[in-house]
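A short write-up of the structure that comes next.
Chain IDs A, B, C and D follow the sequence of writing; residue 1 opens each chain.
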């Protein structure tokens, strides 16, 4: 852990973003057709290392099913609009109309706050999950640490196969003076489905989250063009470093358990196919994509994006904005052929080719590819 | 102190701005409601670690009182317009009218120079201080080192409880060939109120200022979007480093005195709630805010800002410009709920949440939080 | 090889672009008229260390001849439009018309994909090579590794003197599960003409390519304003480092063979005469220029540029765009006098003067000139 | 000399620009009125450490006299328009008219090339020097190394007191195959006036130039917004490093001669009063200003600027452009009061205040002030 002394007696960790690194090919090259991008978590196998950010702007039950059929993992927000309204698409359409009409982005934030003030309904959540079950893919939703204890049971009863417990910043040791905080370890131990939990941003937190029994740990805060955690809280996660640290925690935990492999899912700062390749190259097993999926024609919010924190009632840390054209079929967006040459489409075809050109045929091997960093 | 050799035999200190650092959460998280942002200097306790920049553009006696009632320290410029004119708000309104009409920002500087050429009146200063006394908060004004000897007595007689002696760059050892310079040590020793003195920008100056008997030391030159000390003088203070160095001076002085704790107030380069959190994280006990308070509806200059140096008769080192919308009630600006997600409102609610997410419940502990620096 | 730890247990190479370095003159200066920029590869001698990027946008058989007559090496794309169409200039003109009319750069990519779907004709290739033969310069074409086995024979029969085997990223060890990959070593051994092969981006690959028997190795991916390999694949080559590493491979190979000198040709990131000088200064023997040649009046695409990868059917990694004015005679572009002072014209006159001002009279010596790098 | 390995076996010097450094005050402060900015070279004493760039755009004989009367050294270009035309101001006015009318900056370069093709007349040069003699200041002109042998005699006969021998990049050892290069050492030894020579950019060249017997050495290439040496030749001089290296050469030479102090004049990259302070802080004894003097009402080219290299017939390395408003009286520009707060006026009043705030009263002491560099 290289530390620099930023002032007398005060050190800081030298940290790097994905934009700071580039991939260096090895002495070999391979044919793209020989490359596999598959991975497996618990009993579930995926052709591409993709999880969707569980945000209503990009994931409906229909999108989640479509992602599953293409080979990724679609994650619905279990506390999102599909769990709060009988006609969520109409709520989104109204939001977009008010967003288009707004003079000030703050008006859209106010509209989001109002819409997400509606309580979650277990019946609606159950219905949404049941819709997802007939798609052939793995069924997964996201719950917040605050509500997981209440909602996980009904969700499992409704048929989810994987549970994502996700907040912007999550630890295995949440301290609160009044009321009981979720004990992740006992909670996960009692569940019938594997859990992926996060986000976290350092070795120690990643290690402690692995010790809760989670099957996967999310590294990163899901930051992107519409999130402002860095401007509001000063907390930011240079992703190349955060991913590498989480991968180190994975190795330590593997050793400490004599063989339990916890998957590292990188969430945040991944804008293009190049970033996907770099995230894997830094040590991630899979990536969780948000804004890049606003390119999909199937996205519920027609190219707009907002993170769940945009609706926070007293301290929003994100906003809503048009991000992608929403005119590329999801399958083409993920698997090609590419439209244009900007790394925004054929996201996983590009990963496959990056691996081929760099000489690696499996994701796990590609985690060792050479990197440069701006000197 | 990491030094780099910039040329043969010439070294420079490696230094960092707040923008270069990010906060890294610890292995714990906490509930925001368990967090305290209070601090105490001498006999005075504050709910939030805020001092206002003593600039007429943002602080009137009424604003100072309002800041005090919310839990911060409002500091009036003891040599500002409230001490020079019987109707200072009208002077400001005229300034703004000329600023709006000006083709060239230099015209507004000329207007400021003219307005601040009016002499300070002890009677008007006394009146302003008396107005501040019935607000319930701590009463404080700022005087320059040049005029402190003359004006401190009347100000204390009028009822101030804390004195800020502040210039852009202040030392404990001002040398001048003719006339007597203020001897800070004997001056402070003779005063009946605690003194906060600055700005300074390095360990040694901070240490010497602490030895004058000051209760607090200001680190930084108060720089922001409307100051040009860096372009005019070449003197600039990378704040993360300057704060950390002043905190090191605080530790040394604490040791050398066997327990006297001098507070470090960071002034300059703090534009958002994230910067407030970072300044504390680097070692500050409190922050002094200028331009961020132009968001306040109560600001006398309706969103314009100018530093006191903008009115210097031969070498202005700042200018006047519209900075904030001046449409957010001061209490909401400081304590929330936030408007938008840009770190400009709910400034101290955001600090509380940053501390909670990083796992710390007291300001003093938060000074140890992990940091990253761009690699 | 300075490595930094970007995260726990994960290192990256510190790497530099040409823009990061500057040339420092030595204690001598020389007269420009005493400087030679000549170099020789195998039996072929050149007055200027220039190869053209084998891209239809800038190289026709006529341009290749003109480059040869000025003292450089014009390289025609052996799989380009001159090998696919009887009237390639008209195909280009139609492309440009559609490019001018397009609302979206993706439309031009689609047009390129369509045009390059036409198969290569050995007859047309032969004809193009024969046209190049009567120019007095060295005759060279580029073939891809995929097609070199089929097309090299006819090309040599048609009269090429040098063969460029070039892909974006090439290795000496291409692995593929089905079908036989080109074995560069035996292929080159069997050829009657010297081969320049690339691009590569690190020491080991450069070394292995040298061991294939190539006369020259291309370092870099030919990146420029219209290529997006970095955004699509995450693979990028900071050129100052890549060139220096390839030069190190050249020294090792020279030692290992007891005297075989393989030339290093830098391709990519070279936009101005300054960049040409820097590439040589970092260790290159010659440069391969693409977009800078769109200034030439003779360029077939009238100032537009596209890399060959822009036409890839499923994952284009470049696009077409107007780059240069196409109004400077090629000889003036290369040899002066300059038009303007922007380093875009008199490209090799400027190299000569840079060498003179820095005190070196031969390219080989200039590879040792002092450099700075941003501190 | 900290070196970094940019590639295997290839190192580069870590170098810094003035923009990379900031000045850190010491533990003292002083009154501006106690500060002296005077310096002396040979028998000539100056109140301010200023030489003008010898460029027709800013220096006429009248301007040179005015600079002298204010306390600086005005340097006329001995090979400029005043030595080529009987009515140089009219030539400049015509140039500006064509510049205003031009569609393309290259047209103005062509106009400059044409104007400067007119031969130098010894009579006109003599006349210009004689005009400068009755101003009270020190009389100085600049000659190029190419023409110094021919023109120095007449210039001394006409009454110059200091000779500047200046090219963009000059060494003590100019090698040329045909004809005799100027031997600076014997040339300077034979002259009756002290010589300042440059520019140079590293320790060794500075040291060798000092050994020629020069009274001063110019460090830097005079680069600014209208020069393109970096884009054309790849040669650039990060000034903080170059100045510090030249100051080290000054110390070595002082030791090697047992006391001969050769002055270091920084030329290039100095845009504001802050940069003047930083250049002195890095080790310069004086600065040579070009574009900043286009603010002067007296500037012959009414705010336009061009370096002499802009008129080079085959490889111009600069252009002409409007840079300053040309509406501030020269005395006010140099000595204040400032107009505005941007570091563009009151250039040496600002230097005085920077020294005062940093705690130094003499230029020589200020060369030791603390610096930071971006971490």
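Here is the rule we go by: contacts are C-beta pairs under 8 Å (C-beta built on N, C-alpha and C of every residue); 3 or more make two chains touch, one makes a residue touch a chain.
Because the structure is predicted, anything quoted here is derived from the model rather than measured.
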Copies chain B and chain D touch via same or different residues, half shared test = different
Selected pair, out of A-C, B-C or A-D, that shares over half of its residue contact pairs with A-B = A-C
Superimpose the Cα trace of chain A on the Cα trace of chain C, which carries the same sequence, then give the rotation angle to the nearest 5°.
-> 90
Using the average of all C-alpha atoms in each chain as its centre, how far is it in Å between chain C and chain D?
-> 40
So what's the Cα centroid distance for chain A and chain D, whole Å?
-> 57
Chain D, residues touching no fewer than two other chains | 2, 4, 6, 14-16, 20, 241, 373, 375
Chain A contacts chain B in the complex at 2, 4-16, 20, 105-106, 109, 168-178, 181, 200-202, 204-205, 208, 228, 230-238, 241, 310, 313-319, 373
Quick one: which bits of chain C touch chain D in the complex? Just the residue numbers, please.
-> 1-2, 14-16, 20-31, 33-34, 203, 240-245, 247-248, 251, 272-278, 281-283, 336-343, 346, 349-350, 353-354, 357-359, 370-375
Contact footprint of chain B on chain C as seen in their complex = 4, 6, 375
